[in-house]
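Next up: the structures, one after another.
Two complexes are shown next, each including chain A; its partner changes from chain B in the first to chain C in the second.
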Partner chain A sequence: MQKVLPLSDFRWLALPPLLFLLLLVGLPLSRLLYEGGLAFSPALLSDAYLQWRLGWSLLQAAATCVLTLLLGLPLAWVLAHFEFRGRALLLRVLMLPFVMPTLVAGLGVLALFGPHGVSGLNLQDTPWLLLYGNLFYNLPLLIRAAVDGFDHVPASRLMVARTLGASRWRAFWRVEWPVVRPWLASALCLIFLYCFSGFGLALLLGGQRYATVEVEIYSLVAYELNLADAGALALLMLLLGAVIALLYALIERRLARPDKRSPPLRQPVQGWPQRLLLLACLLLLALFAAAPLLAVLLRALLADAAAWRVLLQDDTLLALGNTLRFSLLALLLATALGLLHGLAAQRSAGLRALMFLPFMVSPVCVAFGLLLAYPAYSATLALLVAAYALLAYPFVAKAVVSARDALPAALPNAARTLGASPWRVFWRVSLPLMRPALRRGMAFAAATAVGEFAVSLFLSRPEWLTLTTLIYQHLGRPGAANLEAALVLSSVLLLLALLAFMAIEWPEKTHARTS
Partner chain B sequence: MFKKSVLLLALAGVSLSTLAAELRVMTHSSFSLPKERIAEFEKQSGAKLAIIKGGDAGEMLNKLILTRANPVADVVYGIDNTLIGKANAAGVLEATSSKVGRSVAVASLPGAVAIDYGYVTLNIDKAWFANSKLPLPATLDDLTKPAYKNLLVVENPATSSPGLAFLLATIAGKGEEGAFQWWGKLRDNGLKVAKGWSEAYYTDFTRNGGARPIVVSYATSPAAEVFYSKEKLAESPTANLLLKGGVFMQVEGVAKVKGGLQPQLAQQFVDFLRGEAVQKELQTSMWMYPAVAGVALAPVFKHAAQPASFSNPDLKAMQHKTAAWVSRWTRLVIKNAP
Partner chain C sequence: MLELRDLALAFAGRRVLDGLSLQVAAGETVALLGPSGEGKSSLLAVIAGLLRPQRGQVWLGGRDISRLPPEQRQLAMMFQDHALFPHLDAAANVAFGLQERGVPRAAARQRAEAALAAVGLAGRGAAACHQLSGGEQQRVALARALIGEPALFLLDEPFSSLDTHLKQQLIDDLRQRLSAMAVPTLLVTHDRHEAFALADRVAILQHGRLIQVGTPGEVLARPASAWVARFVGFDNVAADHAIPPAAFRLGDGQPLRTVKLVEPRVEGCRVVVAGDGGDWVLSLSARELATQPYPQRGGHLAVGVDRAALLRW
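== the complex of A and B ==
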């Protein structure tokens, strides 16, 4: 076992992100709990209905994890092993579901599986549609993480295994699986937390029966101002989320191993069996990740020219500018925080688990807590950007942790031995090796930064209009023109996001060898 | 270093803009007035308007209540007759009146100044009913009959204000016990509950690809359908279904916030909202009727039948019983309890 020199223990770097978490989550949440007096009714937890909701929240989160893993891992394997034209673009397109406003994604899903859906299959108000929606949103996370994992499998080791007669399957189990596992762990943890405390899509696609506990908390806080019960539920959710995150952290820390860094091994697609495999893989991706987006795009393209004139309106231009500005600010903050937290977390399971804190706390409790804790700052841009960054930075941190775990110790150690300062080692050796994963994390972070969370729960101002807010404004009024405007704007959002992903993750000159 | 300076610049920009006299207006998320009107007020008053959207009206009021020790706004627009009792009891409002305009008989709010009013009621998809040859339901009770199974979508009163308004109308129309019996039958007859208006209207209503031809919406929605249509429509594709016990009149108003920093400017803003220009424009920007008598109605409103009657519980009952009614409704309809 190689040991990294103690000087490269960066745990102290966690101070800024921890302070950030304390200010944006810890204090507001405590303030809210204090306001509620923590005098919640014990009857709350013995309520059979609530127990059912809690059970359902856990079940659908677990089911989504299993499904994304079963579906995503083979897809990722194919994407990681074969070189084909458009591969880099495909990996970026894959992240687009992330930027889609829930209601628009719901429109897309219903255009396929709704009462008048093109599939002829009406799944509205069934749990299947909810699981489909969860797959749609979460598959990208798992696939991107797994592809990164496969890219870290030393090509030489895989080739040796195959030369020694191991079947593809055996080579996968014995060589690739151990390398990929830790990469999957963090993605699955994130997916679980996302679905567990999920709010929008579940309710939209599954109907009220399949509402999660977070919906109950939202209603208690925003409508009834019953902070005592809401606080108790939020604490319970936090506790369960923390158990999951800690479990992940322990598993990942155990599984993590530095690899012998060598360029990924990708074959060109040759022969019919491989072509068919790739085709099947693309079809599955089209069905689960692209179809609802395509439905939205198609409906926007079929809209008349008048609908596209929405692009020339002042509001649209304002929204475009704001979307770019806020995303950039949030991305900068999220990258700084994520990098620090990710680097600091390598040795500590606690720090690893803590980086998922933003996804463990009830969003509505945080929003109301922030209002209570900092009334003077409640309608400032600084707070809004900080809130965006809060939800974006775990993606960066997660990517950095995984990349750093995989970092071969020999290279930084050699640089240290040759007299380079720890900082120089970091800038010249470690950071360049972590760059692909870091960029992937940043792309996801940018995608969440334009999301709808901060829009709906925080105080906002009309001059802060973003594309997502504008889309919801149109969908807040009757009329065919409003629906078409929302679809056109959603298409613009998709295009903008794709450009952003390309810019952030500009395909680096790969040194992929072909065998 | 670059990142830090960008952030510092952003922070500096925020604090600089607060140097001029500023009136902080809290509104619900549907507030909308033409930009020229806002600019006109700023010019007249010499102050800068900071409009702060606090979410749905119920959520907005709760935010005001939570921050009453350090008010985050000087004046609030969008508190309606379902919330005014709660707002007054919580002591977040300064009793407000206006000398501008005379209220129409139906629209007033205790302690606040009425700005507009409207009705929450059922909307139908005309084409669907024409195709199915099914007669329109004539009473709320018809909706519980097998012929109307799976045809209605309502918004959850625990997460949506039109949903709450419709529940209140049924309670006023049928009496509490009668109303909940009706809701129980409706549940068994395939009632769909959506989270909010947008979800109901754009994913469940047949007009937009859903499966339900009857939706809880606003009485002005058929007019808005014409206003926001793609080609000029001669008549609206939707219509109001005005049933006894199925119409709620909503009155929205404006009031000064207790402890606000700019009481004078706040009063100016209240009077401004009562002025003729705003009263005219709010009709097609917020799809409500003007609360000031004598203001001409927008021509497009001819496509929306204005209800002749409505059923609202009295303000006291709404203040004290709404929470209990909503939780009873949730138990009955969502939790499926007997």
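== the complex of A and C ==
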């Protein structure tokens, strides 16, 4: 059946999320840019110090892209072409870094390669600390995308290529590479964006020299009260981010097509050369994706018994309660906004691109803008929860959009001819089929809220202490005891993220329901 | 009765339907036949209300239903890939429409089980759709379509995803069911065998227009153009006429012609000979082959044409 045009347009559903974006992003950023733009001068860009900051921000993002591609593509190729025990589980666990709060990852990197690190190698004040942290987050992302791409090459096509005389390498180059390329491009866009506008990792790992523009904006605002320079930098960040996000939305649109694929052909691992290859891949993967987390847990377990007493302190209980409370409220709001925006964005490239606006603008800029735009509400719970929801809801919206893209048009059409109104079609067909995706999106949203750091730093009040801000407080105080307390608290945060991860990756029951 | 009046539809400037009109009587089956991508499925979507035409009306039972949403049109539709809901079991799929029309869940389920039994799937109600074979899925889709007693039945290439043997069986089965129903039925297909096997009338669609409508016999006897003649399966089509198989005369008294190609078939063979003004393609049955030596490439075959039996347009 040909593609059927919509009878009813759901774009009006986007009104509430658009209003929300206007209030939470549009107005605050305009205010920020106005304050900054007034004092903007080209001289700022010729400042050697800021040039280095901006250059390094771009360079570390680009370097991360190159490194993830060089490391990730071969790894993905192996994971896509060989069958071995635990392969499916491994692909799922690859999502784990994605839900890890940046504070946990940052502490993990420090616990490994910081002063007195587990590895014995001190990389502090080198660029490698930040790059390693970037790889922890982004290598799994690229591998997942590439494996998805490889899985879209039907086994028959590869077999044809091989029987027509193509070697493994030629078959990769002529048959698989063209299919995988857009998948990689879309992942690399995201990776660049994440690294470029990253804050938490750069704050913890960058040190004096290798911090990014985001950290610079934070210090300008929080310590130097230099709003003009901060606004000018925010303007630059915003423009660069917008270009990349647009590119990403365009590539994603090309990828959006219903899944109809034959199961790919995977060969079992045979013989020592292949076993060694697989082992090498797994070790490499463990080094980048698992080692920091293990280091946090190890250091926490080896910590003094006294350090563990931090869990019983009033501060900790308060922070834990707040984290859960704020996250739950934010999740409710994010789910409603994500559903509305996701459903509305089905046929509109513009709405799809807008969906990524909260990813694109840095949390630091948003939080700073919110402070400027709504000084009267700066210490209200509503603003804090709204800011959390802003950062979390694109996950829900993205899940809804991709689930809707994967839904064959014949199913809603069949339901319509069977007498279901559009609303009933949504309730009885689309929603049940989207539920696994929705659940995953919500778990990502929850993990985002639980691990949120930048906005909490700006908008929080002492009595609104969250786990992340508490950890940062401990890190800011001198002494080994405080570091150990931070590690113990990070382990708690790690376990919370693990819970969210289980909710995401727990297999859905597959049997059909009776009605 | 279904009546389509002057329907027009264009996608991004490309005309898909171009002033199409057609009537289908109650109890009649019309097959809409045309090559892929000629707007057949779009026409069904327009009739079902899933697509809005730029112009024209759809009347059903003396009522203009052009402005009704799909769920109020009281029609049933079967889709190419069956479009079973993967999250529901077989009986819940069949009961879907009943529940939408207000039948309580338990009663709907009961009727669904009965409908499944009627298509030969007794006791399979609790099966998940992916556990069913292609033919079983098709029968679930059929039960789901017919349980609501539709006033119009639309079939969108319902056999295209099935293998040949199963297809024939299901076509025979469906023909019996259709004759028992007193509703207009519109079948879309690109397969002329399917169309001629099921339909009372055949409507041939080209470039968004119906270029010929008639019984299978009429269409085969008087194709409206060279394109139609080729499309309905004639091998020997010239600019202004076609030679139907029955026009060929074999054997004594006919001129000898050079055999250019011989291709064996399940029954008999297919032969290409140098005819008058071009090659002729003949299908020789086993019975015809028994009365003469088996044709050899480069050999000769005595064959002529009864000019009175030619089809002209």
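Following the convention adopted for this analysis, the second predicted complex is superposed on the first by the 283 of 515 C-alpha atoms of A that agree within 3 Å, B and C clash if a C-alpha of one lies under 4 Å from a C-alpha of the other, contacts with A are read in each partner's own complex, and residues count from 1 in each chain.
The rule is simple: a residue touches a chain if its C-beta (ideal position, glycine included) is under 8 Å from a C-beta of that chain, and two chains touch if they have at least 3 such contacts.
Everything quoted here is computed from the prediction, not taken from an experiment.
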Touching partner for A:S30 - first (chain B), second (chain C), both, neither: neither
Partner chain in contact with A:Q274 - chain B first, chain C second, else both or neither: neither
Partner chain in contact with A:T126 - chain B first, chain C second, else both or neither: neither
Which superposed partner A:S348 touches (first chain B, second chain C, both, neither): neither
Which superposed partner A:L103 touches (first chain B, second chain C, both, neither): first
Most chain A residues touched (candidates chain B, chain C): B
First, second, both or neither for A:E484, with chain B first and chain C second: first
Shared chain A surface residues [contacts with chain B and with chain C]: none
Parts of chain B lying in touch with chain A, wherever the complex brings them together: 3, 6-7, 10-11, 13-14, 24, 29-30, 35, 50-56, 58-59, 62-63, 65-67, 69-72, 156, 158-159, 192-195, 197-199, 201-203, 208-211, 217, 221-222, 224-230, 238, 287, 323, 326, 331, 334-335, 337
Of all residues in chain A, those that touch chain B in their complex: 35, 49, 103, 106-107, 110-111, 114-116, 122, 124-125, 203-204, 207-209, 211, 215, 218-219, 221-225, 304, 306-307, 314, 329, 332-333, 335-336, 368, 371-372, 375-376, 378-382, 385, 456-457, 459-462, 472, 475-484
Residues of chain C defined as touching chain A within the complex: 11, 37, 41-42, 45, 48-52, 69-73, 75-77, 79-81, 83, 85-89, 91-92, 95-97, 99-101, 105, 108-109, 126, 128-129, 144, 148, 154, 156
Footprint of chain C on chain A - complex, ascending: 1-2, 4-5, 7, 408, 410-411, 413-422, 424, 428-429, 432-433, 510-515
